[in-house]
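Two complexes come next, and they have one chain in common, chain A, joined by chain B in the first and chain C in the second.
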Partner chain A sequence: MKLEAELPLSARESRVTRLARAVLGRQPIGLAFGAPYALFIAVLFAYPLGLAVWMSFHRYFFTAPGVSVARPFVGLANYRAVFADPEVLRSFLNILIFLVINVPLTVGLSLLLATALNAAIPFRAFFRACFYVPYVTASVAMVAVWLFMFSSGGVVNSVLGPLEPVPSWLVNQNWAMPSIAIYVTWKQLGFFILLYLAALQNVPKELYEAASMDGASWWHRLRSVTIPGVRSVTTLITLLAIIVGANLFTEPYLLTAGGGPNGKSASPVLLMYQTGIEQNHPDFASALGIILVIGVLLIVGVQRLLQRNQT
Partner chain B sequence: MTETARTADEVTAASDDVKAVEPHTSRSWWRLIVLMIGALVFIFPFYYMIVGSLQKKQNTSLSGVLPQPSNITLHNYGQINAALSLGRALINSGVFTGGVLLATVVFGVLAGYALAQLRFRGRGLLFVMMLLLLMVPFQLLIIPLYVLIVRNYGFGNSYLGMIAPFAINSTAVFIFRQYFLQLPKELFDAARIDGANELRILTRIALPLVRPALLTAMLLTFIGPWNEYLWPFLITKQQSMQPLAVALANYMNTVQSTVSNPFGTILAGAFVLAVPAVALFLAFQRYFVAPNIGSAVKG
Partner chain C sequence: MKLRTIVVAAFTLSMGLAACGGGAAVSSSAISYGPISIWYSNNAQEITWGEQEVAAWNRLHPTQKVTGQQIPAAQSSEEVISAAITAGSEPCLIYNTAPAAVPEFEQAGGLVPLNDFPGAVSYIQTRTGPLASMYKSPDGKYYQMPWKTNPVVIFYNKAEFARAGISTTNPPLSTYSEFLATAKKVVSSGAAKYAIFPSPSSEFYEAWYDFYPLYAAESGGKLLVENGKATFDSPAGKAVAAFWAQLYKEKLAGNETITGDPFADGTAAMAIVGPWAVADYQGKEGSAKVNYGVAPLPTSNGNTSYTIPTFSDAKNVAMYASCKNRGTAWDFLKFTTSVNADGKLLTITGQMPMRQGLENLYASYFTANPDYKDFAVEAAHVIECPDIPNSIEIWQDFRNAWSKSVIFGTSSPNSALASAASAINKLASGSSSEP
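This part shows the complex of A and B:
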């Protein structure tokens, strides 16, 4: 009799747990483990992103605390203003200049140095450390040294002598953006060398042996074995370069004194700071930010699609 | 004859050290030349930073590259300390970085473990959100974050406001997940049958097995806030709250003529800012290796 009474209870219990499992998953404790991170994403990523979208469709400016003002819906006016702004268009062109210089330089030099490192050579650890030290150092600190080196009477111009550009690199209309691109290449190269090194170590040794057996030259081996073997890293570098380019701030702000000369090295994020916070047009700056977010996501999406079609 | 002998030696040495090496690399001299030129280009600015920070009189010309005994001084370090109150700026940088590290290690490990080894409702969504966070750069959200944190919540000039947007480093969460995924499922199932709860499994079994990942992720997390400029620059207007990177950059922008050797003073500050990150990476460099990082990025 006792048994009979207990049976439905345990059956009900198991139904409850089964229901809980169906709703919460097999290990509901995962919800608790993931909750702080989910909260972080919601409060500091999703909500701000939503707010940025909202601001970009309204007239929005900062007021004294406690003052309430109307923030009327303005449709696409902010977006139209962004695309009509010559400074914004110039900053997009600047990013293009940045990419045209940065991507080939980064891919070429990091592949070269990674290939050189991919062997038993003396002082391997030392070389490796040298290459990634700039990557781990604060950009503010490195910018200080570059300002010193590339100033008009600086050591770089002393070496170049009569070849020095006038005006000097960072204040020259034509050289300001290339200087930033070269600086960023130098700063980030170490990270990409490590990525290429990892990829190179995954290229099967037999492929090189077979290629050498067939009498392939180093150029041929590079083209038919190495480059296909590290393709995923190369696409990753291109992607990251675009993201870095869309994000430049410290370099144009400090290295070329606020995107100078005449906005020739201004970046979109620098303009977001200047228009949104300095000039109190956060609605305009939000629209610019949303355009950049969409741009980055589109490029990532297209790249994913291309990669899927390749494999 | 000797040539072939050396080649054979080198190939065996190579296969000892490196997983896969291009064979027939007898002529490794080109590698050394390339690497030495590379190392020079990478290291020279650091060397020059030290030399420049020790100059009594600013010497930007070629002769200033070599330190001159008559022109050496520590005066610049005193100058930058007086201008920025270095100690205070270092404490601010330390609190900012420490807060991010702590939150990332505690909450990031929990999230990484859950994403890798636990089945629960919403896991797919959390994973997609993490990927989105990795792709959308934080800088593009500075305007709404500024509005929320500084204007709406009044967290300007506070550590909380500084730390919040960086609190849990998504790259670190991703690294944790990748490493927890590699651990065999049976290990966890066995522990569960023995009645261990998930927190215990995580701290006693999983974490000790992924210690290299933990160090790699912490190193990568460290350089984020320590080197960050834009966000703390936006929210700290009081000098007493500014991390060193911000204080130094402000000094670079404003002070040019008030000290006898502005470049020397700035470079002294740059050296102090650079040293902790570089020292940490050199100390733990065996954890900052290609396979650790590669696995994090490959996805």
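This part shows the complex of A and C:
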């Protein structure tokens, strides 16, 4: 009788345990470890993203707490306004120019330099530190140096002599965005070299030895051993470079004095700052931001698809 | 595993959807007395003034303690104030409120109308005089106390003018043609790389230091927008644009971004600045000492007087919505804009209080510091950024048109002014470029 009475309870306990295990997993302590980051993502990423999506479909401006104002649903009007704004369209073209120059340069140069720095060359640690210094130095300080170097009477033009562009680089409509792309490549290179150096440690030395024994040249070893060996890092670097490009703000703000000349180096994020923060039109800025996020996801998706097909 | 993923996703989604919530009802704070906090500028002299005023008040009012601090650092004060309004963390008073940003702070419900306080309108108008009307909002209320002005004029480097063979006591700068001839002399003689070098940045506020002062002088004191219409698509606006366009075209003005102050380091022989710069160029603030002279703004027909209208470059005091002890805030505001406090502001910072009759009221100061006397005269003839809807967007549109046509010369200044005026007319009527 006693056993029969306990059976349903144990069955219930078993159901509860199964449910708890399904929700919490076999090691619930793992949730405790992961919770701070999940909270971080939820509060600082999911909530703002949700708010941005909501704002982009409403008439919205920032108000003091407790101020009740109408925030009517405006459908796609903010998105239409974004696509109708020639300055926004120009900023997307600017970013495209930036990515076309910056991404291949970043990937190519960081791989080449990492390969060189991975070899037994004199002062290797010194060179590694040299390439890393711009990455850890404040952008404002670096921008001041570049302003000096690329001004009309600067070092670069002195070296170029009659070949210097007129007007000078940063105020030249054709050269402003490429100059920023080159600056960002140089600034970020140290970090990407570091990623490649880590990846190169994992390429088996036997492969290089076998290739050498087969008579492979430096170029063939690079193409047939190194590049396939670091493919996953190349994917990561391409992804990061695209994200850096899409988020470009400091450089057009400081290096080309607010996206000049004539908006030829303005970036979408700079326009988001101007419209959303300075002019209190966060609805328009949010629509622009959401379009930017979708654009980056599309580019990354296509890039991953291409990479998967190659693999 | 799947269930766990769903739970986490649901939580994350709920955080995202929670973002779509609405706000609470407006709470009105009754006038009350008690501790308050204030922000002032991070300019060294204004910090000294602010600290002295706070200490003096706290000695007299131990139960209504005022806590002062510098405005938090950011790209601009307006950005910090705007963020603080949204977060409800702004102090009671900010002694660094730009008049151009007031319409947006108003729209955000972040400002307290000073008309709420008995005698406030009379206090403001008596202290500031007829200029006070420029600081009245379209609804007829004062959301800002006109506080101090930095009327801008021309500073010139006497050493560089001497090297260029130009008079250092009475340089020919009164008409546009004289100014251009002087500028050419400076550059062609090699005395300085550029004659003048206002910031070429696309930031909306840069128009206040190249176009707007000269437009004020040329137009006889017209605001950028009056009665809801842009005023600059006019002979005065076109004359100013043509003047600057020529300076840029002949490389007498620089269009590249540089670090530092081009007037202080000798790159440019002239600058458009206000009295705040006097201490800097006298080398009192650790900056390079410049042997400078001062000239009034030029006009196409010629001007030699400091009674010509110019841009105010004013910073005002506003009371912010989060303030609970508004009675104390208003009393402190009056305390810090009294004759005595204004005198201290003038003495410590060299900036002009927005008070009528400065020259007579502080005659001994101007006798001892004659460098400031012309600014005191100009202080009665300043014009302000208009208090209109979409103010910042309007200035940004204007700056974009100016940058394109005048600084970089890629379009005709006249057509750029016309199209900017058309866009600004729409914005000034209250309709934004956004839906």
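Definition applied: the second predicted complex is superposed on the first by the 248 of 311 C-alpha atoms of A that agree within 3 Å, B and C clash if a C-alpha of one lies under 4 Å from a C-alpha of the other, contacts with A are read in each partner's own complex, and residues count from 1 in each chain.
In this text, a contact is a pair of C-beta atoms (placed from the backbone, for glycine too) under 8 Å apart; a residue touches a chain by one contact, two chains touch by 3 or more.
The model shown is predicted, which means the values in this text are computed figures rather than measured ones.
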{"item": "Touched partner set for A:Ala181, first chain B, second chain C, both or neither", "value": "neither"}
{"item": "Which superposed partner A:Phe62 touches (first chain B, second chain C, both, neither)", "value": "both"}
{"item": "First (chain B), second (chain C), both or neither touched by A:Ile237", "value": "neither"}
{"item": "A:Leu111 touches, of chain B and chain C: first, second, both or neither?", "value": "neither"}
{"item": "Which of chain B and chain C A:Leu24 touches, first, second, both or neither", "value": "both"}
{"item": "Which superposed partner A:Ala144 touches (first chain B, second chain C, both, neither)", "value": "both"}
{"item": "Which of chain B and chain C A:Thr256 touches, first, second, both or neither", "value": "second"}
{"item": "First (chain B), second (chain C), both or neither touched by A:Glu278", "value": "second"}
{"item": "Contacts of A:Glu209 with chain B and chain C, given as first, second, both or neither", "value": "first"}
{"item": "Touch count on chain A, higher of chain B and chain C", "value": "B"}
{"item": "Common ground on chain A, meaning residues reached by chain C in one complex and by chain B in the other", "value": "23-25, 38, 41, 46-49, 51, 62, 65, 144, 147-148, 151, 153, 254, 277"}
{"item": "Chain B residues touching chain A - in the complex, by the definition given at the top", "value": "10, 13-14, 16-25, 28, 30-32, 34-35, 38-39, 41-43, 45-46, 48-49, 52, 60-62, 64-65, 106-108, 110-111, 113-115, 118-123, 126, 129-130, 132-133, 135-137, 139-148, 151, 164-165, 167-168, 173, 197-198, 219, 223, 226-227, 229-230, 234, 245-246, 248-249, 252-253, 263, 266-267, 269-271, 273-274, 277-278, 280-282, 285, 288-291, 293-294, 297-298"}
{"item": "In the complex with chain A, residue positions of chain C that touch it", "value": "1, 3-4, 7-8, 11-13, 15-20, 22-27, 76, 78-79, 82, 85-88, 104, 107-110, 193, 199-204, 255-259, 321-322, 390, 392-393, 396, 400, 403-404, 407-408, 410, 432-435"}
{"item": "Chain A to chain B touching residues, read off their complex", "value": "23-31, 33-34, 36-38, 40-41, 44-49, 51-52, 55, 62, 65, 109, 112-113, 115-134, 136-149, 151, 153-155, 158-159, 186, 189-191, 194-195, 197-205, 208-209, 212, 221, 232, 236, 243, 246-247, 249-250, 254, 269, 272-273, 276-277, 282, 285-286, 289, 292-293, 296-297, 300"}
{"item": "Contacting residues of chain A [partner chain C, same complex]", "value": "22-25, 38, 41-43, 46-51, 53-54, 59, 61-69, 71, 74, 77-78, 80-81, 85, 87, 144, 147-148, 151-153, 167-168, 170-171, 173, 254-263, 274-275, 277-281, 283-284"}
